[in-house]
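Two complexes, one shared chain (chain A), two partners (chain B, chain C).
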Partner chain A sequence: MEERFVIPRRFRNTSLIFISIGVLAFLAGLFGLHGDVGVKRFWSVLVFDSLFFLYISAASLFLYCAASLAQASWHIAYKRVIEAIMVNIPVFAIIAFIVLMAVLIGHKYFIYPWTDPQVLAHDTIVAGKTPFLNVKLFVIFTVIIMLGWSLLSLKLRQISLQEDRAERGVRRFLWKTIFFSAVFIAFYAVTISVSSWHWLMSIAARWYSTMYGWYVFAGSFISLMAIISLFVIAIKNSGQLSLVNKEHLHDLGKFIFAFSIFWTYIWFAQYFLLWYGNIPLESQYFRPQLWGHYRFWFLLDLVINFAVPFLLLMTRDAKRNYTTVTIIALIVFFGHWLDFYLMVMPTVLPTQGVVGWYEIGITLGFVGLMIGLVSRALSRAPLYPVNHPYLKEAIIHKSDWG
Partner chain B sequence: MAIKQYVVASFRDEDQLLPAVKKVRMQGYKLYDVFTPFPVHGLDAAMGLRQTALHTAGFIYGALGTATALLGMSWIFVVSWPLDIGGKPHFPLPSFIPITFELTVLFSAVGTTLTFCWLNQIMPGVKKHIFHPRQSDDRFVMAIEITPKTQVEEVKQFLLNNGAEEVQVQTAEEGWWYGLFSKREKYDDINPQWSVQ
Partner chain C sequence: MLHYESTVREPLVNGNKDYHQVTEDIISPIEKKPGKLWWIALGFAVTMLLFGVWSVFWETYWGIGVWGENRTVGWAWDITNFVWWVGIGHAGTLISAILLLFRQGWRTGVNRAAEAMTIFAVLCAGQFPVWHMGRVWLAFFILPYPNSRGPLWVNFNSPLLWDVFAVSTYLTVSILFWYSGLIPDVATIRDRAKKKFAKFFYGLCSFGWRGTAKEWQRLEALGLLLAGLSTPLVLSVHSVVSMDFATSVIPGWHETIFPPYFVAGAIFSGFAMVQTLLILTRKILHLEEYVTLGHIEAMNKIIMLTGGIVAMAYITELFIAWYSNVVYEQGAFWWRILGPYWWAYIILITCNVVSPQLFWFKKLRRNIPFTFVMSIVVNIGMWFERFVIIVLSLYHDYMPSAWVYYSPRWPEVGFYIGTFGLFFTCYLLFAKYFPVIAVWEIRSVLKTSGENYKQKMAALEQKDTEEFLQEVQHEHALAAH
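Showing the complex of A and B:
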């Protein structure tokens, strides 16, 4: 039972190759992207990519806490994978923090127009938001949010590892996990909204949407589900995690299916009201996407995030098929990356944005970092939470009795 | 519907029922149905029931709802009576989406529920033969159809050996029909032991 994760050669190689692609793309972008468009592209891609991966790690902690609070057992067999993703919060938080601070200190007004004194002097709408949108509050909130997420993820991981070393049958750790999970859920409920307003929504400083926090949460949660499925299948392919079977895969497939519908619901609720109201201040946000330069990506975003998982993952057999789930998870992950792209790019570069070598390169760098960090975290602990009281229940788990 | 004969066995516990169902199928007897007071996990696998087609039916009803809503609204607002509503185009797809969604859910839910009732032969005013008066209370009842090849005494003995509490042969009409359980039916004369006096 005491099974250790051996990092497969493929994981290590993919991770190293992707990280080097990312570093190369970063260096090439740093020295090669000139002019107004180049600089805007350089910074906005760094901002949305670092935030995308930070939000995914935070969603992993949310999943861990929600499942612990519900005293669920379905995820225990691959709990270490969820843990391995959530302990990366500090790393991605540091990267995102450096990027955001560089944007503020470097006076990149095209990312956060509300930091520009000239905009504040002329634009009464943006100036009216200064009680919330000001650099001081932004930095304070960013520090509190990133610190809170990081510390709670490390605390929960620590409890989980203590349980492994303790005697079997000790229930103290279960209750401790539940306590800190409750703390995190309450903290996350507020911070997911506040952070998304500050970090992403304020890029379009004149515009606002009341659905934005939910929208970011839904997008990051479904990307997380795709990533967990991909990791579980990849680890199974390397001959480990053999106690995870189709029953567990079925659960992950159901989550991808259900949350792609949830995301579409949120997306549509946001779009629909702005479309119906048709107030220039609100609808200008969607103009470059619906009728402008980003029309193709905008429509592709809807198709691959709603139609593809909805139609292809609908049947029971599709959710229990490793190949189908892998393909859908890859498509959905790309789709939500594209969704984060569309949160930032059409506002910063209304007519010139591309999905080119730089965007792909930086993203591959983050993906490589994710693979490397998750493999490292997995190899640090037994692959199964050996002393968890629900482990047996999780192994004999059946997702349905059909 | 055809009138058939059945060997009916009742069990005290699902722990005795489940192995008995498996053995009956291995023995090659024709299992008609099993009645339990509550859902028994793994029973459908033991009975060898195939996957239900209810999902497919639900999907088709949903697609019908989508088509009805979209085609209906398009015809009304584009062809039959174009109206200028708030300066929107005559085919404003986003404003059709909520109604399309609602009709999809409505068609799918109602259609699936009715199909479920039809597949399980339950509906207000529908009557079925009840093999054992306690099959919905605290007994687990298994009915084996008697074919011309069936050795009735052998089946009876086999069931008794495998934990059955009581075994009897019943004659009953197959399937379901309209009628009320308070009314006495003709075939009660065939099975006097369960007839309502």
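Showing the complex of A and C:
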């Protein structure tokens, strides 16, 4: 039971290669992307990619807390994978913080138009938002949110590791986890919305949507489920994580399936109500996507985030098949990356955005970082929460009624 | 098959029970004559229902003009009550479908009553749009079919029509779900029945159920299938209801957050109503061992969660109204909070946001009188939420010259009271003649979660994890042979 995670060489190599690609893309972008379009591309990709990975890490803390509060046992067999993702919140928070501060300090007005004195002088709508959209409040909220997420992730990880060292049958840690989980969920409910308004929605400074926080949450949560599935399957392929079997995989498949539908529901509700109301201030947001330059990506986003998981993961057998789940998790992960891309690029570059070497390169860099960080975190603790009161339930867990 | 559940979890069935005792406890109240309390309650319910019938008759005879609505506030109590009742009707399907998919064992104690409650609530809700038509004899116009009225068709672009589809689909699936689960239990009553009529009646209702392996297999497959179908319905019904408002361009209505916000509110109020009913039912029918404090606490947690989501939605809509910098959006919320209806908004916030925070305390979550009071407070709050959204977004519209104040008149109030009568009449009849707890579903969790069975699990709990794992693998190997 005291299984230790040995980082497979493939993990290490992939991680290093991807990080190198990321660094190369970054350097090439820094020196090679010139002109109005080049600079905009350089920064907006950094913004949405760093936020995408930060939101995914935060979503894993959300999953951890939600499952703890619900006193779930289905995830206990790979609880350490979830933990290994969530403890990286500080790293991705620091990266995102540096990027955001560079954007603000470097006066990159094309990302946050509300920092541009010229926009504020002419656009009364944007100018009226300055009590919320101002650099000072932006920085304060960003620091509070990132610190809050980071500290709570470390605290919960600490409790989990303490339990490993304690005697079996001690329930103190279970209740402690529940307490801090409740604190985080309440904090997250507020901060997922506020952060998404500041970091992402304010890029389209004139536009607004009450659904936005939900939308960011749904996208990051489903990406997280894809990442967990990929890690679990990859670790299993390396001959470890023996407690995990098809029953647990089935759960992950169900989550990808169900939350893909949930994401589509949120997407549709937001899009549809803006379309139906057809108020120019609101519907202009979708113009570059629906009728303009981004039409292909816009439609692809829907197909791969809804149609693919919906049709291919419908059956029981598909959810219990390692290959199918791997392929769909990869597609869905790309799909939600694309979705984050579409949250930023059509506003910053309405007619010139591409998905090219730079976008792919930076993203691979983040993926490599994620693989490296998760492997490292996994290797630092037993692969199972050996003293968790629900571990035995996870062992006999059955995902279906058959 | 190894029956094991962590001893951290409290039992779902208290007391020393076996299969027979479960049947005895739940079925025997049906076989007795109803008590005095039941007759009194039924008398009250029928009186309210009759008053509702009279109110509706009055409205139909004289026309919608007898209600308090006017040119500015064209929608008021009637639609408020519709949304309120539909919302309440969400808990049943959430419990029976979503909690089934999430494999929450505690749903077995409450699902039957909640499903029945759902159906009755949706029936009550359905009354409002129908009688609001005024010329109710033309109600069939809302059904799309090739007709002799020339090009006069329903408007497929109207969310009101989608509502007709959404609610009727929901009602159909809920009834199927509820009734298919009821069949084995009805057959049990039939088998125990002594009187000839009871035997005939329950025999008819049980569709000839014999309890063969094939029948059970099909019932469970059907349950899963219906759960899969009704899970999206839980979300879609109130989403469509919210679109009655959100597709418009009326400030305070036109918000993208409306669909999930309405769904969360619906579950919030639905669970509150389940609490109200079950706290009374468990007491009157002595079912405290089946609807335990654990069940009540679990439902209070859901009330807390959905209450939190709703609270966050209130904050979001308020913030975004300001943030939008659209003067009409800002105006709508200004008049909502500071206008002559300020008290409605205060009630809403007190009942829905402030008071549920008390559930952060475990002691209060497990306190029955407190839960009972809260369950009613929450539903008052949820009624005011709809009132605030509907009336308070309309009464000060784009044109200040059209601003009005709205008050209901007696036929509107009477109609609302009448639906309470309908609801409680149905529930009382159900609770008397059908098992309020699903006997066969309780049996299915008894061996893992019954108190007496759980005591035997201490040995498994003590066992080393490694040893436990080997035992499980050994059993799997045996099963494979």
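Everything below uses one rule, namely that the second predicted complex is superposed on the first by the 402 of 402 C-alpha atoms of A that agree within 3 Å, B and C clash if a C-alpha of one lies under 4 Å from a C-alpha of the other, contacts with A are read in each partner's own complex, and residues count from 1 in each chain.
Everything that follows uses one rule, which is that a residue touches a chain if its C-beta (ideal position, glycine included) is under 8 Å from a C-beta of that chain, and two chains touch if they have at least 3 such contacts.
Because the structure is predicted, anything quoted here is derived from the model rather than measured.
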With both complexes overlaid on chain A, does A:210 touch chain B (first), chain C (second), both or neither? second
In the superposed arrangement, does A:393 touch chain B (first), chain C (second), both or neither? second
Please indicate which partner A:129 is in contact with in the superposed arrangement: first for chain B, second for chain C, both, or neither. second
Of chain B and chain C, which one contacts the greater number of residues in chain A? C
Tell me which partner A:276 touches in the superposition: chain B (first), chain C (second), both or neither. both
First, second, both or neither for A:385, with chain B first and chain C second: neither
Per the contact definition in the header, classify A:148: touching chain B only (first), chain C only (second), both, or neither. neither
Kindly classify A:315 by the partners it touches after superposition: chain B alone (first), chain C alone (second), both, or neither? first
Show which residues of chain A both chain B and chain C reach, each in its own complex. 276, 401
Touching chain A in the complex, chain C uses residues 2, 4-6, 8-9, 101, 220, 224, 231-232, 235, 239, 243, 246-249, 254-260, 301, 308-309, 312-313, 315-317, 319-320, 323-326, 360, 460-461, 465-466, 468-469, 472
In the complex, the residues of chain B that touch chain A are 41-42, 44-45, 51-52, 55, 59, 86-87, 94-95, 97-98
Which residues of chain A touch chain C in their complex? 1, 69, 71, 73, 124-126, 128-129, 132, 168-169, 171, 174, 182, 186, 189-190, 193, 197, 208-214, 243, 254, 258, 261, 265-266, 269-270, 273-274, 276-277, 279, 281, 386, 389-393, 395-396, 401
Interface residues, chain A side, partner chain B - complex: 268, 271-272, 275-276, 278, 314-316, 401-402
